[in-house]
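Two complexes come next, and they have one chain in common, subunit A, joined by subunit B in the first and subunit C in the second.
Take a look at the complex of A and B:
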């Protein structure tokens, strides 16, 4: 029962994202046989070192979606303070309410059923532009971003080019 | 007759009270003894638990684990003995891990989506927008299809277009940069 609610909702979101895609975002299930695994492509925001890049990510939805949030993992080399070295994205909208024992995040920033895949992807896009320094997932990247911005940007640009096969 | 009953009633009451108190005393004392015994059993070290913990925390010696177990009477759900401060070897391992990281662990998008045939030749880059416009207004406004396979193809094409467009843009920028310096 819960599964059918989840897949219906995901199907609706897929349709919406196809008919009215946000700028720089393409997302949909890898195959419709399993609507709980999606692939998304996100363009790097302009005016940032990520500009011009396209970043693939995998979204995995729980069976009780939209009650619980999906997980998101970049499947490319992503050097960013809020992305774990294995690609997992650490952003407040992907955290279920009550998840944060440190109270860094407001409940309104975290996941709730009124959020959507579109909002996640837009949040991640703005996260690329503005890393959240408070709770870094990749300590080395956070340190570099804070102390050696030039090196950080160079490294990000290198990843952008490599991702496009250049 | 009535005289006897007036004597018996308080007697019966007293007997009942004493009986209840005796029963209660036995019951409580046996229960307390039982629980005390079980506590003692818990405090006795279980070699299996020590073994398990020494596997979880190999950096601690068994004496310390036994002491922790004895003090807490068994491992609580969040057992966490005091760990020694991180030694220099573990901090030394981190730069090594960082040095390993820069090598690309993921294939680039062109390899991943098999786009190498559509990249490079300018003819292919011309052909792509043509193909998109050939699909009527699907290129301009991605429409939702009722057909599952068509939807899948549409999504795939949108992905490919996005990647190829980004690559073309980057190449143009490179050329402009080269022209500027030359």
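Take a look at the complex of A and C:
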């Protein structure tokens, strides 16, 4: 296995995350053979309807990581304004400075090589707590979040329960 | 063994008495590659990165990764001080970490002991220190020698006394090798990079000679500065690729001695990579040979360049691992149908509507997944028709079909072959009349096919088209009269 810059950095990040994991976040390569595909588990932030849930997601890294950002996709049901119905996460830290799908993001929030898996996952966690409805990826969820907050929270809680097999 | 355990990381300090070293180490690591700075360069916005990291980042988007200020590779300047600190820290790290990890719990006891040691240094001298350190460090020759010498510690103590001149209790302790005085916390870190050269006169030749063979080569402070005054290796210029034609670009690559194959975008990426590698090597105080750089480029080629696994694929990555074949088939169903219908039209330019219906059926066969829920009228008709009409087909087609339930398609095909042969050889008109009601109700496309075959007098066309779906078919195919075989073979393969 060629130790490219990308794989070396991913190993470093993996070790860092293993030894010093942020609260409520676990992440690592699915197999050690392919360091470019990770699985992450994110706990629902406290005080939000996501509380109590554990949300699995898949991270895929490009070969020129960290110059280009990874992609992140929840592999569970996720009802959230910034998560596409297929699970893809739409958050500014995952967007390279060049591409701005929604034309609202500040350059300072975008991907930069100094970001890391840890920062992505922390950002996603705070995104769960505070959706950004300016550029919804899931328009129905955004509408529900804006107009029928009660129903939104019920639906999220239901997803959490289902995700836990209750 | 777990590969990540081999990687030094700032989290190594967590849980040791030297936990604050984590932030120290983080500060000595490049934010892009998260490794220790390698040839640190400072940008116009005063941020420091590895030479290669910042060069790559700048060629990729022209901005400082930290503050996103625009910058150019030509404005980068070397940051020798950081290099110096990183080298020193890296040299000190293993020993310091080992001590921190292994003897962290004993630290308090050691602390007390060292204080005592310091007070009584003239009595016990370095002997105690030797004992304390030698089980933690590689025992260097100088150390062993000194340990041996310490048995007759009088000699050593004399030197110590002579050099130290009864240093007062200033809170500092001497390095057992070079005798320079420092804070006691710094001794272990210092030991690892101490080249044995005493800060003052003394056993310099002895310890220096032995240390030179055992220690990693120590840089003298700021050697690069003198080197920098000599004309530095010529850096490669960036090219404005848009002004270069393909051939000129290829020629440039050849002149540089790197591979010049591949399409233009690859040439550009390879050249950029090479320029970054080469120029960062120019920055380095320990430049590598061109051969090593070429090996590096080869790694790049394998992982991101022309030899990368998916280099041949379209950039959009049409055939990724998660490629959803069924969805693709579904979304392009109409297109497939059109293509098939067109192909069919060329072969048998007869009735257009019939052709289309035949096309429907044929395209379903190509997709080869009859359970797929395509909301096209042709397909459900075929599936339902096939399932429901198996008995019908047997009765009206006047032939026994002993196929299993999940082989409706086969039975249909067989029946059709039968019809075709039948119609061709014996009573054409009667077959047509008999078949029409059955086919109208259930299998419009088959009717079309039957008619088509009769019209164009191609008795074999149906069997041969169907053949890939009916491996168990036996008699009807081979009992058919004379025909040009090869033509249909190729047709079959295409499907």
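A few points about this structure:
Assume the second predicted complex is superposed on the first by the 160 of 166 C-alpha atoms of A that agree within 3 Å, B and C clash if a C-alpha of one lies under 4 Å from a C-alpha of the other, contacts with A are read in each partner's own complex, and residues count from 1 in each chain.
The criterion applied here is as follows: a contact is a pair of C-beta atoms (placed from the backbone, for glycine too) under 8 Å apart; a residue touches a chain by one contact, two chains touch by 3 or more.
Here the structure is a predicted model, which means the values were calculated and not measured.
Look at A:18: by the touch rule set out above, it reaches both subunit B and subunit C. Once the two complexes are laid over each other on the shared chain, residue contacts for A:31 go to subunit B alone; subunit C is not touched.
Legend: residue contacts after superposition of the two complexes on their common chain; A:164 is shown touching subunit B, with no touch to subunit C. Looking at the shared chain after the overlay, A:114 reaches subunit C, while subunit B stays out of its contact range. In the overlay built on the shared chain, the residue A:54 is in contact with subunit B alone; subunit C does not reach it. By the document's definition of touching, of the two partners only subunit C reaches A:8; subunit B does not. Once chain A of one complex is fitted onto chain A of the other, the partner contacts of A:140 are limited to subunit B, with no touch recorded for subunit C. When the two complexes are superposed on chain A, the residues of subunit A that touch both subunit B and subunit C are 15, 18-19, 32.
Partner subunit A is touched in their complex by these residues of subunit C: 2-5, 7, 9-12, 14, 31-35, 52-53, 56-57, 60-61, 63, 65-66, 68, 299-300, 302-304, 308. Of all residues in subunit A, only 15, 18-19, 21, 26, 28, 31-32, 39, 41, 43, 52-54, 56, 75-77, 85, 140, 155, 160-166 touch subunit B in the complex they form. If you check the complex, the residues on subunit A that touch subunit C are 2-9, 11-16, 18-20, 32, 63-64, 66-68, 96-98, 107-108, 112-114, 116.
The residues of subunit B lying in touch with subunit A in their complex are 98, 101-102, 104-106, 108-112, 116, 119, 142-144, 148, 151-152, 154-155, 158-159, 162-163, 166-167, 169-171, 173-174.
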